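There are two complexes below, and they share subunit A, which is joined by subunit B in the first and by subunit C in the second.
Moving on to the complex of A and B:
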C-alpha cells in the first residue's frame, strides 16, 4: 500500500485542524510498519483515511497497484478483501446480540465466499488460527474477555485472507501476557501468509519489538521514519526524542 | 503510624462466582500500592469493594475493609456518601463512568466540590482550572463547558483523574489512570499523582498494566492472580527478583525498548466460577508439582518485605 500526499482537515469549534497534513508512506508486502505519536497527532485519522473509512480532502491511496481513493459502493467493498482493520475496542466491532460465529459467517456471506457448508469450516479454522476453541463461535461478545474478543476480531479480519492488516491500538487495552499472545499470533500470520501490517500504537517498546520500520507522526505530519532499531536508539527529530524521554520504562535493572 | 486502609481476608461473590478469594493488604498514609495482574483477576472488584460500589449482584461474602480502623460494613449509607469523594475517591477504569453524560464536565466538578465543602464558585473554578492544566488539558474553560462525549478518551481520562484528585482525598483508588494516554501525557499524570501524595499525604492504590508506571509510582506491589494475591512486597524486590512463576511470566511479557521479543505464556486464568482446589496458576505453570494441585497456597514471607504464595517459589 502506498499513500501519496494524503491530507485531511477537520473543522472544530470554528477552527480548522489539519489532522493529516500531506502524508506519504508505503508498506511493502510482508512488512510491518509501526506508526507512533502522541494522542491527537493524526495517526488514527491517517489509518481511517487509508482504509477509506474517513473521506480524505486530497491525495491518493494506492492498494496493490490500484488507486482506491475515489472508489465507492461495490468497488470499495471489494477492497476490503485485500485490506482489513482491527480497532482498540474489540467489543465495538461486534453486534452485542449476535454470536461471534454468526458475526464471522456474515463476513463470508457478504463477500460471497464458499458454500454455506464451507463457510462453517472457514469460521472454525479462523477461530482456531487465533487460538480460540470452536465453542467460542456460539458465545455472545459480552461473554468473552477483552483478549478473547480481540482474537475474535482478528479472526474476523483475517477471514477474507487480506494482504494488509491495519491494527489501531489493537493490544493497548490488554494486559501484558495477552498482548504478547496476540503479538505472537500476528507474527505467525505475517511470516506464514506474508501479511503486511500497519501497527499503530503509543507503546514504543511494543512497536520496536514487532515492526521493522517505524514512522513517527506529530501534528499531522510524519516527522521521522526509518529502521525500528535506529529510530529508537538514535532518534533524530526532537519530537521522537521527547516521546522516548517521557517513556516510563522498567529500566535496566529489572 | 497506623494503617489508613486495612483489608482482612476479603471475599467477594458475584452470584456463585467467587471473584476475590480471601485477600488481605494494608496501606499506610502517604504510601503508594501498585496492583498488577491479568484482566479479570479481581483488581477492579477489590477497589469497588473498598468504596462500597460493587456492581449489582456483587456482595462481600467474607472478611472486612477497615478505613482508619473502622469497619466500613458498619458505616451508614449517608456517612459512606460523605467519605466517598472527600476522604476516599475512585477513578474508574472507564472514564465515562465517572461522569454523567447529560451534564457538562464543569457542572459535575462544581457539584462534587460543593457537596463536600463550602467553596465559592470562583474559588472552585480556580482550583479546577489549575488541576486540569497540571494534567496538560490546555484549555480548561473549553473542557469545563464540554459534555463528556465531546472529549477524546485521553482527555476524559485526565478529567476523571482530576475529579478524583480535586478534593485531596486521604485515599485515592486509581484504576488504570493512564491507559488511554500517550507517553508524554502519561508521564505528567504520574507526576501529578505523586505530587498529590508528596504534598497532601494521599495514599494511593494504583492498578496499571504498565509495569513501568507501577515501578515508578509504587512503594509496594501486589501481584494478583485468579482472585488472590500471589506475590506482595517492596516494589524493587518484587519487580527485579520476582519469585512467583506468574510474576515471572508477567515480567517476561512486557515489551522492552531493546527490541527483545515479549514472551507469552499460553493459556488463560481459570474463570471465577470454577472452584480451583490447588494453586490457580498450576495449569499454566512449568514448575507445577503434584502437591500444587492439592491445596491453595498462602502468602508466606521469603525475606523481609517480600511474600509469595508458591511451593516452588524461586525454583
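Moving on to the complex of A and C:
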C-alpha cells in the first residue's frame, strides 16, 4: 500500500487548513507502520483518505499496485476485501440497533463469503478468534464493555481476511489494562494472518511496542520516519523530540 | 417490542385508538339507523329508544351519523398521515444523504411550505381545487409533508457522519443498503412519533375544512360538516353541536395521548443510555 502526495484541505470559518499536506508513505506487506502525532496533526484525516472515507484534494492511493483513489461504487467495495479499518470509538462504530452477530453476518453476505449456512460458523470463529464468547453475537453494542466492543470491531474488520488493517486510535478510548489486551490481540492476529497494519496513535510508547517502523506527523506533514528503534533512540526532528520528552514515566514528577 | 406490553399507558391508549378504528369499521353493525334517511316529521327529536342521541334538522339519526362520521375522520386522517409520512421521510432521507445542491434545493422548497401557516395554506389550496374529501386531503398533505422531510433530514445528517455508517461502508454496503439497513431504522423513531401526534392534527384539519365547506360535502356524515349544519340551531338545540364536537374532541385527545405515550416509550435518551454509561472494568 502506498499513498503518494496526498493533500487534503478543510475550510474552517473562511480559513483554509491544510490537514494533510502532500504526504507520501508506504506500507510493505506484513509491515506495521506507526503513525504518531499530536491531536489535529492530520493523522486521522490521512487514514480516512487512505480508506476512501474522505475525498482527497490531490494525490493517489495505491493498493497492491492499483490506484484506488478514483474508484467508486462496486469497485471501491471490492477494495474493502483487502483494506479494513478499526475506529477509535468502539460503540460508535456499531449500529446501536443491530446485534453484533447480525452486523458481522451482514459483512459476510455483502462480500459473498461462504454459503449462507457457513456464515454463522464463520461469525462464531471470528468472535472466538478475538476472545469473545458466541453469545456476544446476540447482544447489542450498548450491552458490551468498551474492550469487548472493540474486540468485536476487530473481528468484523478481519472477517473478510484483509491484508491491510488501518487502526485509527483503536485503543485510545480504552483504559490502560484493556488497551494492553487489545494491543496483544492485534499483535497475535497480525502475526497469524500476516497482516499489514497502519497503526495510528498519539502515544509513542504504544506505537513503539507494536510497530517496526514509525512515521511522525506534524501540521499535516510527515516530519520524520524510519525504523522504530532509530526514531526513538536518535530523533532528528524537534517535534519528535518534543513527543518523546512528553512521555511520562513512572517515578518521574511532572 | 417487549417494552410495549409492559407500558400500560401506551397499551391503554393504543387499545382506545383501536377501539375507535373498530367502531368506525363496524359502523353498519353499530349504527341503529341509516345515517342518510331523512324524515322532516322527526326533526330535532330528543334522545330516545329509536334515536339514542336524537335527530338533526332533517330527522336523521345523530348517533348513526357520528358513528359513520368516524370513518371519514379516522381513516382519512390515518391514510393522510401514512402518505405524508412515507413521502416526507423519503424526501428527507434522500435530501440528507445525498447532500450538496439537491439538498439545498429540496430544503428551500420545504422552507416555502413551512413559511405558510398550515390551515391558511390548506384553505387556499382546497379553495383553489374545490370542495370534496380528496381535495381536502391533497390540501392538507401539501402543507404538512415538509415537516417530515425536515425532521427525517436532520436525523439523517446526525447519523451520516457517525462511525457506524462508515463502518457499514467498509463492510461492503451500497448506499441504498446503508440507508435501508442502518439509516432508516435509526432515523425513523422521532418521525414515527411526529406521525402519531399528527393523526389528531389531521383529524382536526379535515373537520376544520369540512366545517368551512371545503371538505366532505353533504349529505355524507362527517363531524366537521355536522358541526357546521348544527351551528344554525345552536341556541334551540345545542345537542346538534355538542355531540359531533364531543366526538372530535375525544377522538383527537385519544390519538394525541397515544402519540404522547409512544414518544415517551421511544425516547431516544432511554435507548442510548447504556452506551453513555461508563463501563465497569471488571467486565473485560
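In this text, the second predicted complex is superposed on the first by the 250 of 254 C-alpha atoms of A that agree within 3 Å, B and C clash if a C-alpha of one lies under 4 Å from a C-alpha of the other, contacts with A are read in each partner's own complex, and residues count from 1 in each chain.
What we mean here is this: a residue touches a chain if its C-beta (ideal position, glycine included) is under 8 Å from a C-beta of that chain, and two chains touch if they have at least 3 such contacts.
Because the structure is predicted, anything quoted here is derived from the model rather than measured.
> A:247 in the overlay: touching subunit B, subunit C, both, or neither? Say first, second, both or neither.
first
> Quick check on the superposed pair: does A:173 touch subunit B, subunit C, both, or neither? Answer first, second, both or neither.
First partner only.
> Contact-wise, after the overlay, does A:53 reach subunit B, subunit C, both or neither (first, second, both, neither)?
Touch partner of A:53: subunit C, not subunit B.
> Once the shared chain is lined up, is A:106 touching subunit B (first), subunit C (second), both, or neither of them?
After superposition on chain A, A:106 lies in contact with subunit C alone.
> For A:181, using the defined touch cut-off, is the partner it touches subunit B, subunit C, both, or neither? Pick first, second, both or neither.
A:181 contacts both subunit B and subunit C.
> Name the contact category of A:227: first (subunit B only), second (subunit C only), both, or neither.
neither
> A:37 contacts which: subunit B (first), subunit C (second), both, neither?
A:37 sits against subunit B, while subunit C stays out of touch.
> Does the superposition put A:146 against subunit B (first), subunit C (second), both, or neither?
In the superposed model, A:146 contacts both subunit B and subunit C.
> Is A:203 touching the first partner subunit B, the second partner subunit C, both, or neither of them?
After superposing on A, A:203 lies in contact with subunit B but is clear of subunit C.
> Do subunit B and subunit C land on any of the same subunit A residues, and which?
145-148, 175, 177-178, 181
> Of all residues in subunit A, which touch subunit C in the complex?
Result: residues 51, 53, 73-74, 77, 80, 84-85, 87-89, 91-98, 103, 106-107, 110-111, 140-143, 145-148, 153, 156-157, 160, 175, 177-178, 181 of subunit A touch subunit C.
> Taking the complex as given, what residues does subunit A use to touch subunit B?
Of all residues in subunit A, those touching subunit B are 13, 37-40, 145-148, 172-181, 183-184, 202-206, 208-209, 228-229, 232, 242-244, 246-251, 253-254.
> Residue numbers of subunit B touching subunit A in their complex, please.
Per the touch definition, subunit B meets subunit A at residues 37-40, 142, 152, 154, 179-187, 190, 209-213, 215-216, 239-240, 249-251, 253-266, 268.
> Using the touch rule from the top, collect the residues of subunit C that touch subunit A in their complex.
162-164, 166-174, 177, 181-182, 185-186, 271-272, 274-275, 279-281, 283-284
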